[in-house]
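Next, two complexes with chain A in common: one pairs it with chain B, the other with chain C.
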Partner chain A sequence: MYRIKKSDIVNIAQELSKEYGIFGPYIDRDAGQVMFDRLDDLSQIDLDAPIPAIPPKHVIYPHSECILKYSYDPTAKKAAIERIHSEKPKALFGLRSCDLEGIRVLDRFFLGQEFVDEFYLANRKKVFIVSNTCVKPFAQCFCACTDSGPSAKEGFDLNLTELGDEYLIEAGSEKGKAFAEKIGLAKAGDEYKDKKKKAIDISLDLFTDFAVENKAWVSRVTNRVTTGFIKEEIWEYIGNQCFECGACTFVCPTCSCFNIEDVNIGSGATERIRSWDSCSYEGYSKMAGDHNPRKPVEDRRNKRFFCKLSYSQSKKYLRPGCVGCGRCAWVCPGDIGLPNVVTYIRREITK
Partner chain B sequence: MGRTHECDDACKIVSVPQIATIEEIKDEIVDVKTFYLNIDDKDIASKFNIKSGQFIMCTVFGAGEFAVSLPPSPENDRFHISVRQVGKVTRALHKLQVGDKVGIRGPFGNGFPFEEIKGKNVIYVAGGIGLIPLRSSIVHVLQHRNEFGRIILIYGARTPKDLMYQYNIDEWLKIEGFETYITIDNPVPGWTGETGFVHNLIPKAKIPVENTVAFVCGPPVMFNSVIKVLMDQGLSDDCIISTLERHMKCGIGKCQHCAIGRTLVCTDGPVYTYRQIKTLGEQI
Partner chain C sequence: MTYKPGICTFCGNGCGHFLKIVDGRPAGVFPSRNHPVSRGRLCVRGWNIHELLSTPQRLTDAMLRKNGGLIKVSYDEAIAQVVEKLKKFASDSPDALAILASPRSSNEEHYLLMKFARAVLKTNNIGLDSESGHRASLEVLNAGTGFAGMLGSAGAIAGADFLFVLDFDITKQNPILGSELHMARRAGAFMVTLDSRTTQIAKLSDVFMMAKSGSNKVVIAALAKILIDEGLADSAYIQKYTTGFEGFANLLGSLSYDDINTKTGISIEVLKEIARKLVSSRRAMAFYPSGISGLDVETIGFLFNLFLLAGKIGINGSGINPVTGLNNLQGGYDMGVAPDVLPGFQLLEDPKAHAAFAKAWGADIPTKKGRMPYELLSEKSSKLKALVVIDHDEGIVRYADRLKELEYIVYIGAFENPFTEFAHAVLPIASYIESEGTYTNTERRIQLSAKKADPPSGILPGWRLVCELAKKAGASWNYASPADVMNEIAAVTPPYSQVSYEKLRKSFGIQWPCDTQNPNGTEYFSADTSTKKLSFYPVKADYSIPTVSTEFPYQLMIGKAQHFWHQNNLMRLTKIPLREYNTTLLLFPEGYVEISPDDAKSLGVREKWPVMVKSHAGEMKAAVKISGEVRSGTAYIPYFIQETISKFLLEHREVLARGEDATIPVKIEKV
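Right, the complex of A and B next:
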């Protein structure tokens, strides 16, 4: 464990920037929103800012990414295919624990199943993660219900916890430890363990004040979602409120569905672009020839929450697919963010 | 970690397509052509082994990529795909000529059981182009004729012109002990064979029930009525095997477009027993 004066925290980002491109939270004055993106001016980093509007998953899993380039000359009958690599070193500085947990879900899904997703792996390979404990929750948070906060337990290289005018810095990996030693961070004594525990307890207590409306009793509904013992009317009720805008999926730290499209860029050359997709779109499962096995919107809503909450999906992710960031509730124009869906299902159980 | 090797003992082309040449094109029925393909890289081609029931992702350069089932037998059969032109990419494929190049990734998916069903009676029930994915298993089982019990094919299409692999059917009809029933929906002049829907032919075939597996593939309406008749005849739901079709983008279990229930058709399927299909809780 190490410590640093609060006002000196940017020095760590400065040191990291010698080796990594720095991505961090900052307040975009024009948009009036917190963003998490590439920063050249490190003084912009705002570690006190609320969770960013869009999770940092885009840093390792871009909205839209060229994965292959190919060209075909139909006259000469010559084809050439080139794989596009991107292994730039990146540091995520000041990641909230929910968003870190989101990345860990993506890791297990993209790297840990039968096949490894090579394009994700390339983006993920050289990433340094500095997470940031939430010493107080924000208005839409419910990570306490999904076991993903307020402080990260693992998966980071360094974890920051604000304690008064200091930050406690814990190393979570060899890489993190080596870095902390290299830049000569001051050691923190054992008493900091207690200080951190107290800070987390205070944060958890604050959930009852801040996050009264956001409780998502996830464990209670997992069984129902898994076994499918949920009345069709409930899904219809949820489906009726869905605008099919896809916003919930794009702001979700664990949603990973993608589309692939070959885009011609002229002179016989084509780029294979993969981009985020949403299971709430009608065309998502539509096949050539117009057969669509998931045409009704409630069928598609049903599947999204099955993906987030069912036991079989949790086995893939080693945790529920929801990390309690509350962004879906925040952006949903139809009021069917995950906490509300959990409430509707729960209400049905308790009836 | 999962598999990253592009080519180990069993070659699987995972992310970057291999270039293949169209060696021959055969017109099958209206809108369906068969493309005989050869992977250009000889080393990879020699290690490219398929199982019946698997599929590949095929790139038509400049148009996109689509999932397609594999009709050839894994043994001694020319590598080919049979494709109906139905969307943007398959239409572009149909415009290609002999000598043109395509891209191939795969083979993906679990495939039909083969070793497990040795010694059993095997029934194939297909409708229309549903014969395409079943062809691989049919040819493979016929290549090992004496290792199986009765082998029965019940195949139907709308008209005689809609029967896939007419040249194969002509051969199959001559194979002694291969019980083939071919039907068309409505009588037409010159047709001397069976008429009516496939499911109505099943009782006529006097199918065995004990020690029997049935492979079913066809449009959803046909599928449902065939399943009903097979179950009525006494076949158990775990002895009825089918292959499902879904919109696919990646083929390796990542894009999630082919999710059905708790499974992904690309990695958990495309071959399912009817018992499994019933538990998926989704439309076929």
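Right, the complex of A and C next:
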């Protein structure tokens, strides 16, 4: 464990920037919104800002990226294939614990199964993660219900916890430790363990009643979703309110579905584009021969919550598919973000 | 910081977003939580707009038709030929030249194009490619209130307690506004939907009036009649604020209660409940589509009058609200892109307005109002010879035969477009993120869109191209930037008089009127600040509804605007929205006709079986789609899928022009 004066925290980012491109939270001046993106001016990093509107997943898994280019020259009868991926080292500085858990779910999806996604791997393996404990929760947060906060337990290289006018810095990896030693961070004594625990307890006490009350309910709803004991009418009620925009999936730190499209860019050349996709779109689950296992909108909604809240999915992710960030509730035109869905199912259970 | 704040310019909502630019190319999008219209939401189109904006299918070279083919030439060569030809046709005869502007252009582009047409080419034959829907709304609103735009605003919806949605698949067409209605309903507002087809918003409403197709106007007239007969009309309001009440009240006399029920299929009790809810509400708002799909003047007139009777125009943000389907349709009218109006909805034939513009521009402008390009195209005897088309979306394909006969067609646009097949000259321009410009959304919000990427090498932004055309034609125009153009717009357009780029840069847009009384814009129309009395719109006592005969027993509805509207010239350039659109098309490659389960049974057909749809004018083959979303006795054909527009539908042009509520009597036969 190490410590640093609060006002010196930017020095860590400065040190990291010698090796890594720095991505962190900042407030966009024109729109007044917290974003998480590449920063050239490190003084813009705002570690006190509420969780960013955009989950940092886009840094390692972009909304849309070209992963391959190929071309064919018909006169020479020659084909050329070029693999495209970015392997520039990146540091995610000031990641909230929910978003870190999101990346760990993506890791298990892209790297932890039968097939390893090379593009994700190339991007991911050069990432340095500095997480940031939420010493107070924000209005929509419910990570306390989904075991993903308010402080990261693992998966980081360094973890920051604000304690008064200093930050406690824990190293979570050899890489993190080596970095801390290299830049000569001051050591923190054992008493900081207690200080951190107190800070987290205070943070947990500050969660809204909604988040606290729902803690057990997220588990019960997971049970219901897994066993399928939810009435059709509930899904229909939810489905009727779905605008099929895809927002919930795009802002979800753990959603990983993508679309692949080959785009002809002229002169015989083609780009292969991978982009985020959404289970709320009808075309997403459409199969050849006009079959769609999830044609009605309520079936597509129900699929989403099966991904977020079911044991079978949790077995793959080694945790619930929801990390409690609350962003889906922000962006949903139908007002059926995950907390509301839990509430509707809960109402049915208690009826 | 690769995410740049901006506005989505797909539909008329004008939602706020961040566009991710990587190596000068759009590579992602994210919603803007503080934007007052969208507050963190985007629809399926908005969430994928980067796919459109990064498409390689761009127009990147000026082209002229030589020996039958389009040949790449320099901008200068193309501009020289275009100007020479346009000047020749403009002096030929008043009807020889027309300009079809795009409701997607920026206000600055609109203004300059309009000025180019009037002050340089001396023609008033300029109009927007959106047909008559929004114009009908502006006509009624301008006549009734002097306010030619939406009376309320998106932000006012949250405070409404009575919401009336008319003939509007709003959750598909303008989803974010639809979301606002849904949220208000969840917060306790009473929501009524009137439609002939079940929509999502119908399912989310307190009351869904599934009226017989073609009977919207009668339903609204019936509500008005009930207000008067039950003594519910707000007489104090009517006396204080309005004129023309007597005339309207008298004209409702010829509508009988027996008729109402048989014509509309809605019970009087339901109508009475709605009438009571309307008058007892604090803020009542009606929403209907405006633009390619829209209501006709008479229906809008009745709606306006109904709200006047209830005392719900200009009080606490109450009013009727046309919703534009295209990003700058409202701005187009604001900029005077119409044969008979000048910027700020000032009538061209008003000598004072006319003189003011002639003076401001230092040029003569033709005094006689012009004609709509569509009118000139459809009228076989018109002397139209040349046409200029900007960023074409839809509609014009109907006049393919006529287009082939024209002597000269200029196409100006950013993206590849099938319309270039007709063109003799093609002039490429930058896309909206490649130049600065302002766009006016459906709630009159003027928003500045910053430049976020460079245009393809050598390509001019639209406003610069128009300047080049004007200069080549001999005008001494000297605009340094879009901000410069806006300064001139503000000087000649009263509702824009206090608008400046400086102000716009510091805001999420300003809602006009933005003048000396309202320097920060106006959220909604207020009857108290109106300079004149509100007047009942002079509607006609025509309560007829389309009838069926034994020969043609079905009412065929032509859906123009569901989900992925406008025949998808833009959608085609995307990937995910295109796939969504294609799911419909894959299922029904030759289009479909939607009928109720009962009708399918009596016809003896099942899903996807082919049938012939026949009218007095022709016939078409289509596959059956069975759904509970249409009433028995009605059939529905989507018009938004270009592949399904058959000669049959083109024969019924006059029906298509009547708006979303118009129907064709047909018979359906099993093949």
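Here, the second predicted complex is superposed on the first by the 334 of 351 C-alpha atoms of A that agree within 3 Å, B and C clash if a C-alpha of one lies under 4 Å from a C-alpha of the other, contacts with A are read in each partner's own complex, and residues count from 1 in each chain.
The criterion applied here is as follows: contacts are C-beta pairs under 8 Å (C-beta built on N, C-alpha and C of every residue); 3 or more make two chains touch, one makes a residue touch a chain.
Predicted, not measured: the structure shown is a model, and the values here were computed from it.
Once the two complexes are overlaid through chain A, chain B and chain C fit side by side, free of any clash as defined at the top of the document. After overlaying the two complexes on the shared chain, residue contacts for A:V116 are found with chain B alone; chain C is out of touch. Once chain A of one complex is fitted onto chain A of the other, the partner contacts of A:L68 are limited to chain B, with no touch recorded for chain C. In the superposed pair of complexes, A:G164 makes contact with neither chain B nor chain C. By the touch criterion stated above, A:E244 is placed in contact with chain C alone, chain B being left untouched. When the two structures are aligned on the shared chain, A:H58 is found in touch with chain C, with no touch to chain B. Once chain A of one complex is fitted onto chain A of the other, the partner contacts of A:K286 extend to both chain B and chain C. Once the two complexes are overlaid on the shared chain, A:D277 sits against chain B and chain C alike. Of the two partner chains placed by the overlay, neither chain B nor chain C lies in contact with A:G189.
When the two complexes are overlaid on their common chain A, residue A:E261 makes contact with chain B and with chain C alike. The vertex angle at chain A, taken between the C-alpha centres of chain B and chain C once both structures are aligned on chain A, is 80 degrees to the nearest 10. With chain A used as the common frame, the shortest Cα distance separating chain B from chain C works out to 8 Å. On chain A, the surface patch touched by chain B in one complex and by chain C in the other comprises residues 259, 261, 264, 277, 286.
Residues of chain A touching chain C in their complex: 26, 28, 30-33, 35, 37-40, 53-54, 58, 62-65, 240-241, 243-247, 250, 259, 261, 263-266, 273, 275, 277, 281-283, 286, 290, 330-335. Those residues of chain B that touch chain A in the complex are listed here as 1-4, 14-17, 19, 21, 59, 61-66, 86-90, 99-101, 103, 220, 245-247, 249-250, 252-257, 259-260, 262, 267, 281-284. Within the complex formed with chain A, the residues of chain C that make contact are 1-3, 5, 16, 18, 20, 22, 27-35, 40-44, 46-48, 50-51, 54, 56, 171, 175-176, 178-179, 182-183, 186, 200, 203-204, 575-576, 579-580, 582-583, 586-587. Residues 67-68, 70-72, 74, 77-79, 81, 83, 109-121, 228, 256-262, 264, 268, 270, 272, 274, 277, 279, 284-289, 291, 293-294, 299, 303, 306-307, 310, 312-313 of chain A are the ones touching chain B in the complex.
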